[in-house]
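Two complexes are shown next, each including subunit A; its partner changes from subunit B in the first to subunit C in the second.
Right, the complex of A and B next:
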């Protein structure tokens, strides 16, 4: 009884704390100074259509590198803590519908993922979303075939190559231009085309490959044997 | 105005689904409810005009997290059976 009253009091307290967010809320018509600098700089300096992408990859590139590192550590932790069991357990064979549909859909889903991360600077989406979509394609493979085994060497090579190359691009930016992960180290190209916005598409493709291989690894480890 | 109404309705459904997910005895149903909350959140992000976040929320929140939770539930059940 006392527990419930305390919970209600805690919720009321939270409500009072967050009430000003609702009552004092005003739509701001003008962007703040920093935001307008980013929006203009994305088009004028970086030649990127998607402002969100240019903020994530270039202006806040170091944060993205940190995020990718966090995901890598999470994958390493899951792989370390969850050991595979070699015990034979009876496996249910997937239904005919799932098998047929997955053999048809996997290639299309991978293609969608690649499209999303290569067009990150033109349309919504980017490396993380594309990587997750690729991982769901491999999940479909795992679900449809219970005896499916992934080649972990390839996954590791893809994952470490893309991670290392991401850092190398950042360091090249530090040497050639003014800043770490500066995307202006290669020609910016024509605004609105696939090969534009400097290194943004390259970095997002690397992030997509890295996230895709890491999440596939997580799914494969979680599935167990 | 319509979008505000939709957002409020979706928000109420999300809160109700969250409470339901806490009180469900069936863990499988609770996991699926939690995934549905993420799906509704991604619709709200889309209405608010941030398709990038909506894509992340839909793919990671409702897709991958649900699957990982299901695998974790499966492992926990198996280990309980073995003991």
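Right, the complex of A and C next:
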């Protein structure tokens, strides 16, 4: 009973704390100075159509590197906690509709994922979204075939290669003295085409491969339970 | 966009209430996830500007006047980061729950009192 009253008091307190944020909030009419600089710089400096992508990959590139590291740590933690056991649990075989549909759809879904992470600088999308879509293709494989086994060596090689190459691209920027993770180390290309915006598509493809293989690893580990 | 702001705060409060009041470990994780979503909606709605389009500068936007035509790109970038971290943290919490259930065969938080004072 005391606990319930305490919870109600805590919720009331939070409500009172948050209320001025809603009632006093004023939507601004113009972009802030920093946002205007990013929007202009995305066209003038980086040659990238998608401003969100230029913020994530170049202007805030170090944050994204940290984010990828957090994702890697979570994957490592899950793999450590849920160790594979060799007990055979009986699972029902998937229906024929699911099996036929998945053999048809898996390649197309992977292709869509690749399209989304290679066009991250042109359209809404990017490495994280594309990686998640690739992982859904492998989830479909796991659902349709109960005895499906992934080659963990390949998954690990893809993951470590893309992570290491991402850092190497950043360090090349340091060596050429333009700055860590600066995307101007290769020619910027023509505005609005696939091969433009310097290293942004390369970095986003590497992030896509890394996120895809990590999430596939998580799905495979969790299936063992 | 004030509607999205209120909806986000409501989801945040519902999620925190769920985390505080529920006994089931999986329901606590669900409460965390709801609060997480509420925070994302709040951040995105802060970046909204009236009568403007998405910050993608293709042929639909006049590039010389882009600053007057697009919404704030920074909240979107922050939320993209937050969504991925939220996914990873939720997956990690659920695997903790699985491990705890294996130890005690119970999902009630009342059965785990080692750290209670």
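Methods note: the second predicted complex is superposed on the first by the 223 of 225 C-alpha atoms of A that agree within 3 Å, B and C clash if a C-alpha of one lies under 4 Å from a C-alpha of the other, contacts with A are read in each partner's own complex, and residues count from 1 in each chain.
Quick note on the criterion: contacts are C-beta pairs under 8 Å (C-beta built on N, C-alpha and C of every residue); 3 or more make two chains touch, one makes a residue touch a chain.
For clarity, every value in this text was computed on a predicted model and none was experimentally measured.
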Name the contact category of A:10: first (subunit B only), second (subunit C only), both, or neither. second
Taking the superposition as given, does A:201 touch the first partner, subunit B, the second, subunit C, both, or neither? neither
If we overlay the two complexes on their shared chain A, which of subunit B and subunit C does A:222 touch? Say first, second, both or neither. both
For A:139 in the superposed arrangement: first (subunit B), second (subunit C), both or neither? first
Quick check for you: in the superposed arrangement, does A:170 touch first (subunit B), second (subunit C), both or neither? neither
More subunit A residues touched by subunit B or by subunit C? C
Output check: A:212 vs subunit B and subunit C. Expected answer is one of first, second, both, neither. What do you get? neither
When the two structures are overlaid on chain A, which partner does A:125 contact: first (subunit B), second (subunit C), both, or neither? first
State whether A:52 touches subunit B only (first), subunit C only (second), both chains, or neither. both
Subunit B and subunit C footprints on subunit A, overlapping residues: 50, 52, 82, 124, 126, 128, 218, 222
Going by the contact rule at the top, pick out the subunit B residues touching subunit A in the complex. 50-52, 54-56, 59-60, 63-64, 67-68, 71-72, 74-75, 78
For subunit A, which residues are in contact with subunit B within the complex? 50, 52-53, 82, 89, 116, 124-126, 128-129, 132-133, 135-136, 139, 215, 218-219, 222-224
Interface residues, subunit A side, partner subunit C - complex: 4, 7, 10-11, 14-15, 18, 21-22, 25, 27-32, 34-36, 38-40, 42-43, 49-52, 55-56, 60, 63-64, 67, 70-71, 73-75, 77-78, 81-82, 122-124, 126, 128, 192, 211, 218, 221-222, 225
Note which residues of subunit C are touching subunit A in the complex, please. 1-2, 5-6, 9, 12-13, 16-17, 20-21, 48-50, 54-58, 63, 66-68, 70, 72-74, 76-77, 80-81, 83-85, 88-89, 91-92, 94-96, 98-99
